[in-house]
Amino acid sequence: MDDFLQFGKQALASQPFSALVGAELTGFSPGWVELTILITPQLKQQHGFVHGGVISYAADNALTFAGGSVLGPAVVTSEYKINYLRPAMGTVLIARATVIHSSKTQAVCRCDVFVVGDGKENLCAVSQGTIARIGQSSETQAYTDAADAKSRAAD
Amino acid sequence: MDDFLQFGKQALASQPFSALVGAELTGFSPGWVELTILITPQLKQQHGFVHGGVISYAADNALTFAGGSVLGPAVVTSEYKINYLRPAMGTVLIARATVIHSSKTQAVCRCDVFVVGDGKENLCAVSQGTIARIGQSSETQAYTDAADAKSRAAD
Amino acid sequence: MDDFLQFGKQALASQPFSALVGAELTGFSPGWVELTILITPQLKQQHGFVHGGVISYAADNALTFAGGSVLGPAVVTSEYKINYLRPAMGTVLIARATVIHSSKTQAVCRCDVFVVGDGKENLCAVSQGTIARIGQSSETQAYTDAADAKSRAAD
Amino acid sequence: MDDFLQFGKQALASQPFSALVGAELTGFSPGWVELTILITPQLKQQHGFVHGGVISYAADNALTFAGGSVLGPAVVTSEYKINYLRPAMGTVLIARATVIHSSKTQAVCRCDVFVVGDGKENLCAVSQGTIARIGQSSETQAYTDAADAKSRAAD
């Protein structure tokens, strides 16, 4: 496995919520990311489809990692929107995000979320959003400060 | 507890993913909903803040329940956008959504997400989106058909 | 010129605001549209760039026409989001939209807006939204009813 | 008229596109703005309603001025989303925007757009977006550089 993907996998593994959802980074290169989630019963809503919150998580996190692939690891999602296209029924959820435009401090990315069922991928949601490098503005400085305070407290 | 809230709590309880996240419906009346999540370690990202995916889940689901409070229980989120305002650090996450405008088939709603810390509520995200009644259009008929097929298969 | 494009051009010509902005339909086929606007001084903001409102108009209308290319002419934009990527300086604005997913009643589309300058196209905004067929739901019935009332009043 | 509103009116007057649309700043204070547009035939689409592009312009510009009311005049809209709620028929369009959260470099704002008809205001669109101070990041530095280059060229 290449170093870039390995680095991304470690970053994802450091997120407890991503472990709870069972997300795996299956592709990661500058400007592109693929996040894969095995669909388990606990990820569903009352009708048996994947819960929208899981699809949102996948889109949000894929966007973040796409942004991070060009901005570095210290990034947060500033905002995004998502359109759900069809009920997500199947065995695996795959979110693929790409960087559309980036500067030193932020990246605008798009993400397509697919559900694998009946042997093929079906597009079930599309998303678009902004990823910001933290510590580069007063806006995101709050994240850095809070993380620093947390680190010092843990010493 | 009033019947409306009780009904909403049952709907939320029927969502495995909401149980996994630990969401609780703490307020529910026509046009308004409050969703509360106790912040546990497994809901965090690598810097110790609540993971954006959890905040998105809370906004998405609060929007859905707000829409459902006026459209009936058979609803799905069609689309929404979210802006994250500050890192979510604290003990409890509260998402409050209201219906801005509704017709027979859909509702446009807004949601504010707060994190409770240091004894006060801090706004950490704002969201806006569309909730659609399923089975009312070819778009959402797919959800109804899929759910029906699932029910029949389970007989 | 093919009939489909001709039909689209007539639809655009029937919009007084599109005439005011000077928009021209330069490409139109099922699932795809290209809208072109010559950048005149009156379309700018105070710094000499194309006003965001013009870029929004272009994205909104390209999304609507893309939706209409598969849903028929009686459509409205339900919602969309737009990210501005860079200042739009140049001679011509081009908005290209495609249908990502459609049903009988609505279509989810994406749009890229380019500004032509220094002999090349530069992406200056990206957009994503939902187009709805009117008269197919109580939501959009209001548009049909209002248009009908207007027609009768004009008799 | 107070100085703040007077200052805002001058800023709006410096935008050729706002003059073309006929927008007027009717309220402006830190964190709040009201933009009013007299509905003329040239602002409509083919069914006689106000064109969505005009409503988008109003929302976009109201969001920008709201952000500018707390960040200073050198701002741009980074992104926003809008939901159209009903056809805009009437005599006057009013967009009111408020700042939800701001830092030194950006502000997240919401906007409600009303159409005045039959003697009352009807909510016809809701919007939410991010306003950025220009020249504060590499992202927005492009706007400052371009404006500077333009100024020097004009000397």
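The chains carry the letters A, B, C and D, assigned in the order they are written, with residues numbered from 1 in each.
Note that contacts are C-beta pairs under 8 Å (C-beta built on N, C-alpha and C of every residue); 3 or more make two chains touch, one makes a residue touch a chain.
Model, not experiment: these values are computed from the prediction.
Trainee: For B-D, find its twin among B-C, A-D or A-C: the pair where over half of the contact pairs carry the same residue numbers.
Mentor: When the contact pairs of B-D are compared with those in B-C, A-D or A-C, A-C matches.
Trainee: By the contact definition above, name the pair with the higher C-beta contact count: A-B or A-C.
Mentor: Of A-B and A-C, more C-beta pairs in contact link A-B.
Trainee: Approximately how many whole Å separate the CA-defined centres of chain A and chain C?
Mentor: Chain centres of chain A and chain C, defined by C-alpha means, are spaced 30 Å apart.
Trainee: So, what's the distance in Å between the C-alpha centres of chain B and chain A?
Mentor: Whole-Å distance between the two chain centres: 20.
Trainee: By the touch rule stated above, which residues of chain C touch at least two different other chains?
Mentor: 78-79, 81, 83, 86, 108, 130, 142
Trainee: Considering only the defined contacts, which chain D positions touch chain B in the complex?
Mentor: For chain D paired with chain B, touching residues are 81, 83, 85-86, 100-101, 108, 110, 123, 126-130.
Trainee: In the complex formed with chain A, which residues of chain D make contact?
Mentor: Touch list, chain D to chain A: 78-79, 81, 103-106, 108, 130, 136-139, 142.
Trainee: Under the definition above, what is the set of chain D residues touching chain C in their complex?
Mentor: 11, 14-21, 41-49, 51-54, 56-58, 60-61, 64, 76-84, 86-87, 89, 142-143, 146-147, 150
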